[in-house]
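What follows is chain A paired twice: with chain B in the first complex and chain C in the second.
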Partner chain A sequence: MADRAHFGVTERVRCLPQIGDHHHRAPGYVQGQVGEVVSVYPARPLPDAVVASGGRDMPAVPFYGVRFLARDLFGEGQHSVTVDLWETYLEKSG
Partner chain B sequence: MSDAHLSVPAAARVRRLEQAVIDAGLATDEELDAILETFLGRARPLNGARLIARAWVDPEFRRRLLDDPSGPLSELGLPSLGPNQSLRVLENTESVHNVVVCTLCSCYPVGLLGPSPSWYKSDAYRARVVREPRAVLAEFGLEVGAEVDLRVWDASAELRYLVLSCRPTDTEGLSEEELASLVTRAGMIGTAAV
Partner chain C sequence: MRPHDLGGAEGFGPVDTAESDHAFSADWEARLFAMNVALRRRDAYTSDEFRDAIERLDPDTYYGSSYYERWLAAITTLLLDKGLVPPEAVEETAGG
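== the complex of A and B ==
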């Protein structure tokens, strides 16, 4: 099934480096960065696809909370940033 | 937002947008009014504060609120979330502090917090709290020690966050209603202790 999550909690994933210029939900500062899956949420439609379709119901896509360390993102900082990302934006890391 | 329409009052711009939606046959005036009443008419920070106060006094409610807020929301008669929206409650502890931002726009649980403060929508907050949250929180008057696990959550339109702060000390004698009056909008965003 397309909406089955392929990643699990604690798994390391990379946000794809170039999501593109279209309407999407992958903030620029995490593109190309590696983080850890901390939540596997119920699958939901990819906003990119919903917008491209003119607002129609689209297939659900696995949806995750991915935690990035500030020192990985910015080279410094003792904190983390958790971003909600659809599987479309992710690949397995390492 | 472009600067081109800044001279037009916001209400007039909103009305133009509503008229375009109506003209396109997407909704009627009555439907738009009903939506606004549902999402904004009852939207105020006291809604979120009631959730927090109940969680402080009722461990079972707290557990369910952290697990899935939809049941607790309806139990307290609070406004439901918008269509295709989920809520997650983030638990502060002595060793974990959570703070919420939406870097892509300014998403947050309007029904529980009321309209967002202007700083929440500012470029400065959205850019800086991701990169240097301790400095930003210090400017709000909240010192978060280096030993605390500081977690920034970047919200989206689909998933919104509410911070469950730590119950202040010396509040044992207070009623649930009195406790709710201690909870602030900033506390539920994570830029204040409570």
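== the complex of A and C ==
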């Protein structure tokens, strides 16, 4: 099933480096960065696909909370940053 | 990269954290907010399409506009794109 999650909690994933200039929900600062899956949410439609279809109901895609280290993203900081990302934006790391 | 994607960017000055007693700074903002609710309930467009329309503003317009000015531009774009209002109506309302 397309909406089955392929990643699990504690798994290391990389956000793809070039998501593109269309509408998507992956902030520039996580693109190309490696983080850890901390949540697996219910699958939901990919916003990119909803916009491309002109607002139609689209298939659900696995959806995760991914935790990154601030120093990886911004070169400094002792905190972490958790970003909600669709599986379409992610690949397995390492 | 689209103009909204500013996380980690520098050079935009301090964030305005001033508190206000009012949710809206002008009546037209409240009317626009209500209009967006009504249009969304009638499935005129999805929240993803609304975000996309805001992000598609050219950078000068995006950075030079207030929060609700961006909403107005985005909603106008969507209603025109979807043929829900004729271009003449927008021209007329905007004063030609």
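Heads up, the rule we're going with is that the second predicted complex is superposed on the first by the 94 of 94 C-alpha atoms of A that agree within 3 Å, B and C clash if a C-alpha of one lies under 4 Å from a C-alpha of the other, contacts with A are read in each partner's own complex, and residues count from 1 in each chain.
Convention: contacts are C-beta pairs under 8 Å (C-beta built on N, C-alpha and C of every residue); 3 or more make two chains touch, one makes a residue touch a chain.
This is a predicted model, so every value here is computed, not measured.
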Counting only touches as set out at the top, which of chain B and chain C does A:21 meet: first, second, both, neither? second
In the overlaid three-chain picture, which partner chain does A:94 touch, first (chain B) or second (chain C), both, or neither? neither
Name the chain, either chain B or chain C, that contacts more residues of chain A. B
Contacts of A:51 with chain B and chain C, given as first, second, both or neither: second
Report for A:74: first if it touches chain B alone, second if chain C alone, otherwise both or neither. both
One more residue to check, A:8. First (chain B), second (chain C), both or neither? neither
A:29 contacts which: chain B (first), chain C (second), both, neither? both
Would you please give the residues of chain A that touch chain B in one complex and also touch chain C in the other complex? 27, 29, 47, 74
Show me the residue ranges of chain C that touch chain A in the complex, using the header's touch definition. 1-2, 5, 7-8, 43, 45-46, 48-49, 51-52, 55, 82
In the complex with chain C, residue positions of chain A that touch it: 21, 23, 27-29, 47, 50-51, 54-55, 73-74
Per the contact definition, I'd like the list of chain B residues that touch chain A in the complex. 84, 86, 103-104, 130-134, 146, 149-159
In the complex of these two chains, what residues of chain A are touching chain B? 25, 27, 29, 41, 44-45, 47, 63, 67, 70, 74, 77-84
